[in-house]
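There are two complexes below, and they share chain A, which is joined by chain B in the first and by chain C in the second.
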Partner chain A sequence: MSGHDCDITLTVNGERVTERVDARQTLVDFLRDDLILTGSHVGCEHGVCGACTVRVDGVLVRGCLMLAAQCDGAHVETIEGVSDLGEIADLQAAFEKRNALQCGFCTPGMLLTAQELLARGGVPSRETIREQISGNYCRCTGYQAIVDAIESVAQTRAGAKR
Partner chain B sequence: MKIVEDSPPILTALDRPNSYIGRSVPRPNLARLMQGRAQYVSDVVLPRMAHVAFVRSPHAHAAIDSIDVSAAKQAPGVIAVVTGAELAKVITPWVGVLTHLKGLKSAPQNALAIDRACWAGEAVCAVVARSRAEAEDACERVLVDYRELPAVTDPETALDPGTPVIHPSIGDNLCFERVHSAGDPDKGFAEADAVVETTFLFGRHTGVTNEPRAIVADWNPGDARLTVYQGTQAPHMMQNLFAKHLGLEEQQIRVVTKDVGGSFGIKVHTYADEMATVALAKLLKRPVKFVADRIESFVTDIHARDHRVTAKIGVKNDGTITAWEIDDLTGIGPYSVYPRTSGIEANQVVNLTGGPYTCGNYRARARVVFQNKNVMCQYRAVGHPIATAVTEGLIELAAAKIGMDPLAIRRRNLIADDAHPSQGPSGIKFEALSNHAALAHLDSMMNYAGLRAEQAQLRKQGIYRGIGFASFVEVTNPSAAFYGVGGARISAQDGATVRLDSTGAIYCHTGVSEQGQGAEAVIAQCVATSFGVSMDRVRIVMGDTDNTPYGGGTWASRAAGIGGEAAWQAGKALRQNVLAVAGSILQAKPETMDIRNGVVVDHDSGKERIGLDEVARICYFRPDTLPAGVQAELIATRHYVPRAWAFAFTNGIQASYLEVNTDSGFVKLLKHWCVEDCGTVINPQLVDEQVRGGVVQGIGAALFEQCLYDERGQMLNGNMADYLVPMAVEMPDIEVGHVVTPTADSELGAKGAGEAGTAGAPGCVMNAINDALRPMGAAPLTDMPFTPDKILRALGKV
Partner chain C sequence: MKPAPFAYAKAKSLDHAIALLAHPDGEARLLAGGQSLMATLNMRLSAPKLLIDLNGIAGLAGIAVKNGAVEIGAMTRHAEAERSPDIARHAPLIALAMPHIGHSAIRNRGTLGGSIAFADPAAELPACLLALGGEVDIAGPNGTRTVKADDFFKGLFETALGAADVLTTIRLPAATNDTRVGFAEYARRHGDYAMVGLAASARAAGQRLAGVRLAYFGVGNVPVRAKAAEAALADGSIDDAVMALATDLAPSGDVQATGATKVHLAGVLLRRAAKQLTETRP
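The block that comes next holds the complex of A and B.
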């Protein structure tokens, strides 16, 4: 039941936000309904599909399994913020070129999950890439194009470092 | 590195200068999807918008003796609590029948159940509140007095005299029956050297779109108009149905479809809770939003398959097929789904079994029965996965029985590529197929001989790998024969309107809609090529009944073949219009000129004559300088509907290579191949990705996906942790090849490609598993999904 409100102050995509939230409200509902950051999606609502993936203090979390009230003082990054900073511009370009998305509903979470792996550096095997994104369900692509796109970015980034 | 570079154009007739036909250009609408700036219906927020949640029946079958809403009405944030009887004053019930499926019957279905709930999950009361959370809270305060009734759950006994009839008003639990006989099946079986008979079971499964169904309905009494934002595949169909059942005129309804988070056939039907939502908006005179949560999706999104097919094949020792026979039984829930009906899948099973093979001795029966489970209807590749798995399963079982290679038996029986036009065993008409060419291509692409050698070698080491195949045909580009002839107001034709703007760019308004498959890109490719501009000068407008030509939408693999042809023709028509006025400006004959890359040029020399921006400037701002009597028409509309053939059948063949762990029962998919022929390939990458995505959905059916019910009609795994869908780590790489046989029914020659993967993959994987286990002496597995448990049972290990 409702009626237990919490005041939280946090940073979302670099902006300081102070809001009063229902204690039961999930982080993804807070982002979508209160901040109108609708790039994080609600798919399964119990931590399986990965559509609500966001970063909290640099760590990937499921926005449907974390409460907004737990984010007091946290730094939250969503697909909108990560896109605007240009951090994954090469990955987005590879997804576009390889058509690694169809309906796009899983894509924000997929991109953030891929970036977590890519940020470790090196060129992961296709098997490792497939393992990494197995918590992000895509119903459209069959995954191969996504694996191709991530692999190509890993190769390009590794080459650029040499 | 697997990034696909632009492939060279494979066409000649369509190879205009700077042609986009046959090129893997990227989709123009991806950036917003990747930046989190898409607009799915679940993202739509309107002023004064309220949210609805539904009280749903916990029982598969129950009388509703009373509903007490008094406590719910007092709950925080509640705007209205509405029962079925109250809502029935706003919206009329519907019956899902089509006249061309003779004898098909169903009962009236209401937006909210009145007096009786017929499946666990049927909505019985609506609560509208300021937020979804408050609406859900208040749902818990609605007291429904249910009286449980006997539930009909097993299709096998649905027609028994002792089984209760779900809808007494229609007499029995039989929704539809079709009996078909062609040639002389009895003679065929008598002439056979070997006969194989078995029963194939197909688990009930569903689409699991990542974005659940979502709708925002906005009734504005001031305009007397209803605007509905809906994740639907068929905006004009829904416009008609909302008008019909709300007592409005169609022009009072606007359906807007923006980004859609996956459809696969799930979002092309009438859902009671969505009809309730539009009725609530009308009743409350304000916007109302409904987004299904995941459990609601599982118990109300249409389910599909759930067929049990007893099937028989006769073959001679040389591999010649002599006869086929099938008896299909499917349970479709308590109502035939409106307006496409729940008889189509079984009808397709009868039509498609025997596929592209020459043997015409064929007997079939299909029965569709009611039951107290969630409704079933058309999902991606409707009927194809069943008919293909039955046909291809029988062929490989027969081949094993007579000791023949599975590709050799297909070569012997497939209709010859030069024998078309032809017809399949059920009488379905094929304009032109290329099954032999596809098979030959697959054979070399996968190095079949090499894989067989590897398989034999590994068996000596106790490693059990299997190779399975499935040839298939796929219904695409449906004519009015699919729905229109049966009385449904579902358009088979589609239109495109192309307009030159004041700077020389073009707008194309199309009746087909984007579900992620790339329709926007394909339409842009067609119109850019036929008109003569680069794709960045094309703006596509779709998914809006106020602003697009009347059309059918996106289903049955029709968007590219039908919508693309309309756009192609509209672009050509506008080119003629522009060249006519350019001719007036330049005092030149229009037929001596062309439009290339945004410029009017001399046709033969390619010499630049005048830019489109200049033509547009003169026509829009200085028409006074045009010769007297010249009126520029800078907009053109064209429509297209297939006429020569009921359907543009595509064809192809798939192969699966997999390894079965005979201790754990797990299947590891090693590789999958598909060679398909969708006619002219407008965008090779998009076609390949449709095939890959489709194959993986078919693999889901073969290995993982099943809506499990208990005998009381309760769904047991209505969440994404327990209902398994394919994950990345379990899926193989999929190699796609093409044979190109354009349809002569359109200038473009494109057929559909959206369902071929799903059509063939389940049977193909089944055959590969049985090929792997055959040397172990395992009984053939024919009961999808093939879980580790079933595999271990077949091996006698549990």
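The block that comes next holds the complex of A and C.
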């Protein structure tokens, strides 16, 4: 495959998608503009804010620093798919309960980033939680409520397992 | 912003990548983790005509310990090195540095080869390579060659890599019982590039240190060896070593700090790293 137009076939939130994309189109623009999955947001477009965070083949990545053309054959998951599966329903409820979002612009990326840490199991320290979300900017909440929400879910999940 | 138009090609092999780099009608660039390159494209700081994706090439990633060396494939992700028991045991300096690089999502994609090829003067890994006296293998149109860390970093974002070269392997001396390493950096926020950082290695020789190598980052156009401080530390005086930094380093100020502040911070970091160097290995 070489050129300005790239034909890609990938799985997005469990559904097979075949599209022709411009080589320079980023993954997050492809998701938002072509597939109308607008839950992933576009902030800085240089990897700093974390608003565009999605999963590719199970791994958390920046949607603005990957090309759609690179996702041929990949499994992409966005906040829409992860929400529908109920994987983070408890985390979403905790964010709402603790006012861990105000405008919500950072929230999809924040949730997926938190889930990456929570999926490793155990109850991480607040320090570890802060480190994990250090690449996700929130201009509204001041982070305290976000750390509270993530910590409470870790505790509940660990308790539920015992 | 969005990148200027370019064509995209997925390299099938190392030879294919090298052949594509000889792209006749304009600049071609290799795409590794994209965590530096994509950002510069999005900001239109660079506008190559062709991107050559290294991600599909088999055999360019992986960590192996052989013949007293740790060999790291260029396409090994930061996250893989961070979790690797081989890195923790045989290249402990890299293990210390890894958590300071960006954030989890960045480390999931970014590669060790990309980081060293990019040679950001404030980046951790180029300084680690220099502190360990490592080397890199480079493949190009005329075959392969090996370049020592001391000869690799040439200038601001400039290395021994030519326009049609691919960095394939990073080779570090494997740690022995005598190996001592230290790492310290100062950054405003977790995951930021350092204002000043230090990667250090030495050999324990009785109560003293030998073969001290101090590689600073964030203090010049390239990672910088502090050779007078190295000698002072080998002589056993941390105070003299900190004093010597005034002759070793001549950082210019940037948006974050003046040159004088950077030299001061370099001294603070040296005391931290020296403490780590003199601790026995667990």
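Going forward, the second predicted complex is superposed on the first by the 159 of 162 C-alpha atoms of A that agree within 3 Å, B and C clash if a C-alpha of one lies under 4 Å from a C-alpha of the other, contacts with A are read in each partner's own complex, and residues count from 1 in each chain.
What we mean here is this: a contact is a pair of C-beta atoms (placed from the backbone, for glycine too) under 8 Å apart; a residue touches a chain by one contact, two chains touch by 3 or more.
Predicted model, so just to flag it, every value in this text is computed and none were measured.
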| task | Considering only the touch criterion stated at the top, classify A:113 as touching first (chain B), second (chain C), both, or neither. | result | second
Between chain B and chain C, more residues of chain A are touched by B
Considering only the touch criterion stated at the top, classify A:45 as touching first (chain B), second (chain C), both, or neither. both
In the overlay, answer first, second, both or neither for which of chain B and chain C A:151 touches.
first
Of the partners chain B and chain C, which touch A:131 in the superposed model: first, second, both, neither? both
Both partners, chain B and chain C, contact chain A at residues 1-2, 22, 24, 45-46, 130-131, 134-136
Within their complex, chain B touches chain A through residues 1-4, 26-27, 30-31, 33-40, 42-43, 45, 76, 131, 133-134, 137, 207-212, 259-264, 293-294, 515-518, 685-686, 689, 692-697, 719-721, 725-731, 733-734, 757
Per the touch rule, the chain A residues reaching chain B in their complex are 1-2, 22, 24-25, 32-33, 36-46, 48-49, 51, 78-80, 83-84, 92, 94-99, 101-108, 111, 126-127, 129-131, 133-149, 151-152, 155
The answer for chain A against chain C in the complex is residues 1-4, 6, 22-24, 26, 29, 45-47, 50, 53, 59-62, 64-67, 69-70, 113, 116-117, 130-132, 134-136
Listed in rising order, the residues of chain C that touch chain A in the complex are 1-10, 20, 31, 34-35, 38-39, 41-43, 51, 53, 55, 79, 99, 102-106, 108-109, 189-191
